[in-house]
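First chain written, first letter: the chains are A, B and C, and each begins at residue 1.
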Amino acid sequence: MNLTLVFLVLTNLLLLASGRLSTCIRIVAAQGVALGLLALSTGRPGLSIGAIALSLVSILLKGIVFPTLLSRAIREAQVRREARPFVGYTASVTLGVVLLLGAFGLDSRLALPRSDYPPLSVPAAFFTILVGLFLIVSRKQALSQVLGYLVMENGIFAFGLIHAREEGFLVGLGILLDVFVAVFVMGIAIFHINREFDHIDTERLSALKDWER
Amino acid sequence: MIAPPETMAAALVLVPAVAGAAAFVIRRHSARRGLLIAGALVHALLTADVCLRGGDPGSSGWLVLDATARLFLGITSALFLTAAVYALGYLRREPPDERHDFQEDVLFSNAPEAVLTGCLLLFLATMSLVVLSRNLGLLWVAIEATTLVSAPMIYFHRHHRSLEATWKYLLICSVGIAVALLGNFCLAVAAAKAGQGSSSLGLDPLVRNASHLNVPWLKAAFIFLLVGYGTKMGLAPLHTWLPDAHSEAPSVVSALLSGALLNCAFVGILRAQQVLAAAGEAAFGQGLLLILGLLSIGLAGVFILGQTDFKRTLAYSSVEHIGILALGVGLGGAGAFGSMLHAVNHSLAKGMLFLLAGNILAEYRTKSTAHVRGVPGALPVTGVLWGAGFLAICGLPPFGLFTSELTILKAALDQGRTGVAVAYLALLALVFVGLTTTFLGMLQGRTTTPGAGRSRRESVLEFAPPMALGALVLAMGVYVPPALSATLHEVARTLGGF
Amino acid sequence: MTMNAIGLLHTLAALVLAPLLPAIIARTKARFAGRQGPPLLQGYADLGKLFRKGTVLSRTATWVFLAGPIATCAALATTLAFVPLGGLAAPVSFGADLILVAYLLGVARFVTVLAALDTGSSFEGMGGSREVLVAALAEPALLIGLAALARFTGHFSLGPMIGSVTGPAWLAGAPALALVAAAVFVVMLAENARIPFDDPNTHLELTMIHEVMVLDHSGPALALVHYGAALKLWIFGALLAGIVVPVRTANPWIDGAAALAGIAAIAVVIGVVESTRARVRLRSIPQLLVGAGALSALAMILVLG
């Protein structure tokens, strides 16, 4: 399990450094698959049907369906790269390390009620969430924002897998379904944005303002 | 009593859901619109039966029919029925092909009508699921579902402004709801520590074992849930999507978004506060809600001053009233009672105002307050109702909002929180000034429509729904039925502070 | 401060065998390109040829220019004294000698840059400034990585530190060790001016970093420059082989052979990397190095947590 968590952290750092959208999609897909495998290893001894179902569905969705949807969106919009994000790539990676330290700090504040989790689990999950939020805020392309949302959901999913196992895999499946529909709808929205504006640069979506232009 | 509680609750969700799915495949406009009205009527009848039964704690399955559920279900259903009737007239009036945009010289068309009708019914189904959920995990799924089915409705008029509003709405609300999911997991961790073995998110187990919940994790869970559902509800500073989405959507949709959806997100926070109160930590939640409430009223007031778009003004007014709701619950006790009453009154009044705004927009072809003058001249009934709505939303007697806002003020003074009371009054005054300049300007002056001078006949479907809502608000100001009062009291008691 | 006889032996071996490494890299690249490539002893032949040639000095150059390669070689040879070879301890080791090693490498670099500036040409000055930029970013990555390793093994001295990276140690802390190894490899590529940081075969102004600093040397000075580069490769290779090859039997011959094989393998890997990747733009070099720094920082966090 520790290896998967380290992989999660590494993929986040890689994501912060990448500018090419297709690379980012592949990294997020790899993260999703790793988390699907994590679902198998955190169940109680002896795999239950629910754990296997959850793992399969999440690997399918995050490893195959989402990358396909998003790649099609890139092809339609004909964007390859993120255009000069608000925070540069080098600064993003450095900030990523700071966020990782922050996640560790956060973990030390909240005492884990049970001690049979690897000490890396809560910081890794929080780090993923923070990286997801950072991507949403600092990237301009609408597709990068969707990827940030997916990363954030990955982090929350990881946290839920490790700490809320007893909640039942039904809720896990419900969450996956919701994320799937959300990404689907966002993909459609991006398609419309591209068709309407001929770009998917959200910094230029600024027609609605409060005071006179 | 038509059927046992489990079946009733399930029907309340399934009937609109099935109707919504069917609406997507029906081809004839008249059949689809009939289905919309039928779905709304059936839902209203079921709701009336459930509410009049009263006091039934409901089943032990996934759905519950406690006081909170009944109250918000009633509000939602009533508002949806009137909105559905209005939508009938609206859909008949909308031209089927491309037309010129009001604000810019572009051509745009509407989405297929089936999308709007189907999404409206699905919206009703998901909102019912939110208020009826017995399990906080299910509540989360339902709120996410409301975001997803309401997005296509905001993008009904297919032009770039509404697309921008839809994108902001989708992204910000999805992120907020993801944070709420984290809150749910923290809550599960807090419950696991209780040592009962199961860390389920069912409301009843949580409330029952509340005293054993791990407090730091519970508090963390509440913060995440507040931030997450607060984004959906429109609490400042997370409200940035609200003015755009509520002003670019068709007026019918705006009425439902402001009047019903914000309440549903509020239910999420109320459930969290319920658990917190059962654990004895009510003061923690109340403090946060107080601060966010005052902040919302203040920010809304600042943005209402000098606002040039009347639909955006109504949207910011929603933010203000959401702030009042949060403030009431933040005070607790009588304040919570006032807040619940305010939820009823605000939904009715705001729904009415948005429907009227739709009429004005259709007639004047502009959303700018500078260009709308003398509404009663062009649209007599709408004009009168618009004036009444203005009085209602500002909190003037004899309308219901006066009673609820006064109750909250009294609660603040009774608790000795004069600072809060003074701030509350000052901010309300600020909002009043802003709203007055907007509304009175529109009501007075020489009528300036494209066909100035003549007043056309308004169809019944245009003015009857807002009139009904206005009458209800007026009635609530004069007399609150004891059954309703008892329900409000019951809800307030679960929130702590008594 | 402990001294070691076996350590002396492997240091002398290093001094003799160092020129083999650039030759191995060149051979690998040639094989990748479908050619035979130069023989493995080509390095020695080149050094011999250069020592027999005369020197051409610019009129603006002073004694600093000639002192550059000499001081560089001296500093690097001194560093060799502190670097262990896998399980074989270093000839000299004391408490925090890894800091001394880092600073000796810094001295070597500093003297090279001085010599480049001494030529009075802006061409070499440009190379010097680029080299210092790369070094400024690579040094934290290296130091944090080695510090993480020190924390993991509990020793601050290079010899015992590398010596305790055994098989069981790898099993216990595989992620952290792997991250440190990756970071050290990237720093190795940067410090030795290999692709993707710098192309050792290019002579275009826009693309040179290290080459441009030593452009003016000739004859024995140039021989010393090449020999110094080979020594630097050996130092980093020995460090990396020590981390990656966890063969620690008590038998010095087996340990030594394993470590030597590791160094040779690393040279081959460098050759493969040079053949398969392209040089990155100058603007992207800081990103790569910050990435390596992030890997080291992550290793440090894993070891501390």
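Going forward, a residue touches a chain if its C-beta (ideal position, glycine included) is under 8 Å from a C-beta of that chain, and two chains touch if they have at least 3 such contacts.
Because the structure is predicted, anything quoted here is derived from the model rather than measured.
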- Task: Using the touch definition from the top, list the chains contacting both chain A and chain C.
- Result: none
- Task: Return the chain label for which the distance between chain Cα mean and whole-protein Cα mean is smallest.
- Result: A
- Message: Just the chain pair, please, that has the highest number of C-beta contacts.
- Response: A-B
- Distance between chain centroids, defined by C-alpha means - chain A, chain C (Å): 38
- Centroid spacing, where centroids are CA-atom means, of chain B and chain C in whole angstrom: 67
- Message: I'd like the Å distance between the centres of chain A and chain B, where a centre is the mean of that chain's Cα atoms.
- Response: 30
- Could you please specify the touching residues of chain A with respect to chain B in the complex? 110-111, 113-114, 129, 133, 136, 142, 145-146, 149, 152-153, 156, 159-160, 163-164, 166-168, 171, 174-175, 177-178, 181-182, 185-186, 189, 192-193, 196-197, 202, 205-208, 210-212
- Query: Which of the residues in chain B end up touching chain A in this complex?
  - Reply: 137-138, 141, 144-145, 147-148, 151-152, 155, 158-161, 163-168, 170-171, 174-175, 178, 181-182, 184-185, 188-190, 192-193, 197-201, 214, 216-217, 220, 243-244, 247-248, 303, 306-308, 312
- What does chain C use to touch chain A in their complex? 174-175, 179, 286-287, 290-291, 293-295, 297-298, 301-302, 305
- Message: Under the definition above, what is the set of chain A residues touching chain C in their complex?
- Response: 2-3, 6, 9-10, 13, 17, 89-90, 93-94, 96-97, 100-101, 104, 119-120, 123
